[in-house]
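Labels run A, B, C and D following the written order; every chain starts at residue 1.
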Amino acid sequence: MTRTLVIEATYLAASVFFILGLRSLTRPESARRGMQQAAVGMLLAVAGTLLHHDIVEYHWILAGLAVGSAIGWPMGMWVPMTAMPQRVAASHMFGAVAATLVGVAEYHKLGNGAWVARPLMGALGFEVLFGALTITGSFMAFAKLQGLVPGVPITFRGQNAANGGLFAVTVGLFLLLVLDPGAAWAFYLMVSLALVIGVSLVLPIGGADMPVVISLLNSYAGLASSATGFAIGNNVLIIAGALDGASGFILSVVMSRAMSRSFGNVLFGAFGQPQAAGPRGAEGLAVRSISAEDAAVRLAYARSVIVVPGYGMAVAQAQHQVKELATLVERNGGEVKYAIHPVAGRMPGHMNVLLAEADIPYDKLKEMEEINPEFPSCDVALVIGANDVVNPAARSDRSSPIYAMPILDVDRARSVIVLKRSMSPGFAGIENQLFHAENTSMLFGDAKASLQKLVEEVKQA
Amino acid sequence: MTRTLVIEATYLAASVFFILGLRSLTRPESARRGMQQAAVGMLLAVAGTLLHHDIVEYHWILAGLAVGSAIGWPMGMWVPMTAMPQRVAASHMFGAVAATLVGVAEYHKLGNGAWVARPLMGALGFEVLFGALTITGSFMAFAKLQGLVPGVPITFRGQNAANGGLFAVTVGLFLLLVLDPGAAWAFYLMVSLALVIGVSLVLPIGGADMPVVISLLNSYAGLASSATGFAIGNNVLIIAGALDGASGFILSVVMSRAMSRSFGNVLFGAFGQPQAAGPRGAEGLAVRSISAEDAAVRLAYARSVIVVPGYGMAVAQAQHQVKELATLVERNGGEVKYAIHPVAGRMPGHMNVLLAEADIPYDKLKEMEEINPEFPSCDVALVIGANDVVNPAARSDRSSPIYAMPILDVDRARSVIVLKRSMSPGFAGIENQLFHAENTSMLFGDAKASLQKLVEEVKQA
Amino acid sequence: MHQAALQLVEIYVFLLAGFVGFLVITRVPPLLHTPLMSATNAISGISLVGSVVAAGAGHSSVTTFLGFLAVVAATINVVGGFLITDRMLKMFRRAGPPGARGEAAKGEDR
Amino acid sequence: MHQAALQLVEIYVFLLAGFVGFLVITRVPPLLHTPLMSATNAISGISLVGSVVAAGAGHSSVTTFLGFLAVVAATINVVGGFLITDRMLKMFRRAGPPGARGEAAKGEDR
């Protein structure tokens, strides 16, 4: 009894620490300490669990902890910030694996369902359903982002019909199980089908939409662990799961909104498709390309520069060169700010992390609403591997797939320098008039290389 | 079983509606509907409870509901907004009465504690302790605000010692009960002592500090009903109690802060005492009083007027005349705004409610931080029964008891007209230099009467 | 154990509700602090669910009577609280589109 | 009944935690959305408490093995998640007093 109390106490503490930890993320100053406390809470909860009276042997546990740490440590220490999207996808997968396996073990333990009461079966069912679906779904997302699988949407005739059928059968099995928890065959069949569903849900979605999908999977993973909590009557699991679920859901909403697209549109990929073929209707138009020298001169004498980073900066891993250049400009007395679009890059807050990594203070990173009014009065807008988030078509061209997506008003700056490798489009796969505007000059080449040239030149200037 | 499920469902719904209801109060547009839904939730919960299988006879219940409604209805419909503080105090009392009686009934029912388990006893103990203490405490607060008891702090030698002893004994009884729940004498003695404590806590506190006390009592009442929830294993009670508790606590913090005072200072009344005797050190200073005519002329031709309402407006119930005057000024093309100090009046949001009652749109009610910068550029600051909240001593005079209390910078306005009945001080009982500044003119008399005169005159002008 | 287990869970309920209360109420603007006070009064009337059972369980005349009084007290809060809150909230209105000042107000004067 | 009663209460826990999550996370600034994602990953590792029991209860070689795998997976999230979150948050710094722009930054350049 007292032992149970101790364990429960650690769980309670963990729950509180987790909530306070997330709360601390509302302010950058408090964030780090808050999450460290959350880690302590986790430690407590695990330590408490080791006292659990059901535990008879420890070697498998220790082995698991050892192996897990051996894999987790390098993932935590050395995964580059640019690989965060994949990393997040992967860890949703691990979370789902844990939840699902616990569910299956529980079911198997209880005489393959023979001694499972109905409410418990309900919980277990949800657990393994969401779990299994998230395992394969996240894996596919990971594979696409990592390039193991082609990022382009993979579709085949009658796909939706197939998925619909698959889904119906799975739900049917679930209902059957709640009525007769002993039907082991149904249980394992359901798990396998859920695994298939996970794959077929993500296959038809374009690589660049993965972040939205990932966040959705995050909330599924959360629901899965909440379900685990219900199944084994553990509150800290329920709470952590709910927090996860909320976070994933909110982030995916944020993203879809910033892309001015609906979930449905994302999940049943209206775009990231054919158009993705490449630029169109740009033939007639002129493009002013500029040399590093000339660009450097402009920057050297600019009073105010707004840097607009995009996915390209992440690909090129050019954040440190950005900082270097900015420092030079500031030495020359110019002011440098950074315009961060909510969905610049490939995940929410992507650009912020990269620039923070380059040791750029976060109070120079401006959100869209804040910085947009400042473009007209800025001498040079330096667009580094950003494309869709600065595409004026979103304001003007009703026919454009990104119409009504809020964008950074770069085209209103006195002059614009765009760093990218070619005229090829961004993730939305559409032409960008900005690159043809006469106050825009293109500096072609890999962002990192170009920035290094610029740094050299500005030093001369 | 199914019946239990139905009941639980209604409780769950109620909990959700309550939370959403409070959430709706974060935006004036959504507030009303939100609270109506909360009311529906309440209805559901009560209806559900009537199904409870412990209930064998309904006539007492119905009688209680009838009587309660008969008393509650007029309290809800006809209590004037100016009497809100008393009303709030009273209803804390009723809440506490309910919680306490339920606790006593439960204890009595279980063979006067004979069959009470220890954890249950803990819950019951908290319930009746906080409950009883809140009953008498709120009643005293009510009596003071209503003027049934002199508002001045009532103190006697050795008061703190006496209270301390009383408190120690009560806690002792509580501990004893947890060890031996069967000790009925201890239970009833504890309840009685808690009642006494409630009185002796509030006696020494000045009438004007009541709002802070009331909010604290609000959180006690909340804790009491949470304890009830623990005792009878009812979650909606726990949740509602927790929400109450949070609200009361936060509001009392808000108030103390706006008065730049600590809880301790409020509870063990450092002021509202001797100084309250009356104005001091004002003899030498001149006072410019002004006639309604002259004041009216100034207002008639003012481009921008800032109205600063205070407790006096509430006393005079002059809000409708304020609106009338403002409308006239606006007719003449002047702009009228309202500067609302967080602790103007006698409860949080006091002024907002009164002005809203006079049908003044809330987007003209400005909070202190927002309006303070506008005073220097305003032609006339019209101070209506406000005193402490516009006392410059809070900025300048370190010796003043309200030093460091954030105030409205009325003294920086081009000209100031103050409506009050005399030179007597406000709640803090201190002299106000503003009334002697040479850009200040005093229009003596009851605020309502003065405003009516002003309205007449402005109409002529 | 059952009782104990339940009470353990209820501690979570209490804490979480406390968090929710804190997060929600810190976001209520001063404008609505008075309605907030009466709103919480109304909600506190939920102790009615406890009182009703006490009044109806008919264990003894004592408990029944105490229960009756409790029902009365709680009902006062419910009825009175929700009524006055609604009365107050009904009064809050904004002057047309934000920013539209005196003009809008004049337009709406009755 | 016990099981049922508990599960009823746990529904409250779930809903309340959901509210808390919603209220807290809607207030996390875009600046910290990526750390937020890895933070929730780390927290999701709490399923470790379930896995550990499964791995240690020794019911059958099957459940033990499944439990072992679960422990591995969960541990990866815990260790990896908290490490990378801390790595990220360590990087966020502000340039001296708010408002102080280029100047402050220059001052701090290493």
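In this section, a residue touches a chain if its C-beta (ideal position, glycine included) is under 8 Å from a C-beta of that chain, and two chains touch if they have at least 3 such contacts.
Because the structure is predicted, anything quoted here is derived from the model rather than measured.
The greatest centre-to-centre distance from chain B, using averaged C-alpha positions, is reached by A. One simple way to say how far apart two chains are is to compare their mean CA positions; for chain A and chain B this gives 47 Å. Here the spacing of chain A and chain D, counted between their Cα centres, is 15 Å. If you average the Cα atoms of chain C and of chain D, the two centres end up 34 Å apart.
Residue positions 4, 6, 9-10, 12-13, 16-17, 19-20, 24 of chain C each touch two or more of the other chains.
Under the contact definition stated at the top, the residues of chain A that touch 2 or more other chains are 19, 235, 239. Every pair of chains meeting the contact definition is listed here: A-C, A-D, B-C, B-D, C-D.
The touching residues of chain B, when paired with chain C in their complex, are 11, 14, 18-19, 21-23, 25-26, 28-29, 31-32, 35-36, 38-39, 42, 45-46, 48-50, 52, 54-58, 60-61, 63-65, 67-69, 71-73, 75-77, 79, 81, 84, 87-88, 91-92, 94-95, 97-99, 101-102, 104-106, 108-109, 117, 119-120, 123, 215, 218, 221-222, 225-226, 228-230, 232-248, 250-251, 254, 327, 330-331, 334-336, 340, 342, 347-350, 352-353, 356-357, 359-365, 367. Note for the complex: chain B touches chain D at residues 1, 5, 8, 12, 15-16, 19, 235, 239.
Listed in rising order, the residues of chain D touching chain A in the complex are 3-4, 6-7, 10, 13-14, 17-18, 20-22, 24-60, 62-64, 66-95, 98, 101-102, 104-106, 108-110.
Here chain D touches chain C in the complex through residues 2, 5-6, 9-10, 12-13, 16-17, 19-20, 23-24, going by the rule given at the top. In the complex of the two chains, the chain D residues touching chain B come out as 1, 4, 8-9, 11-12, 15-16, 19.
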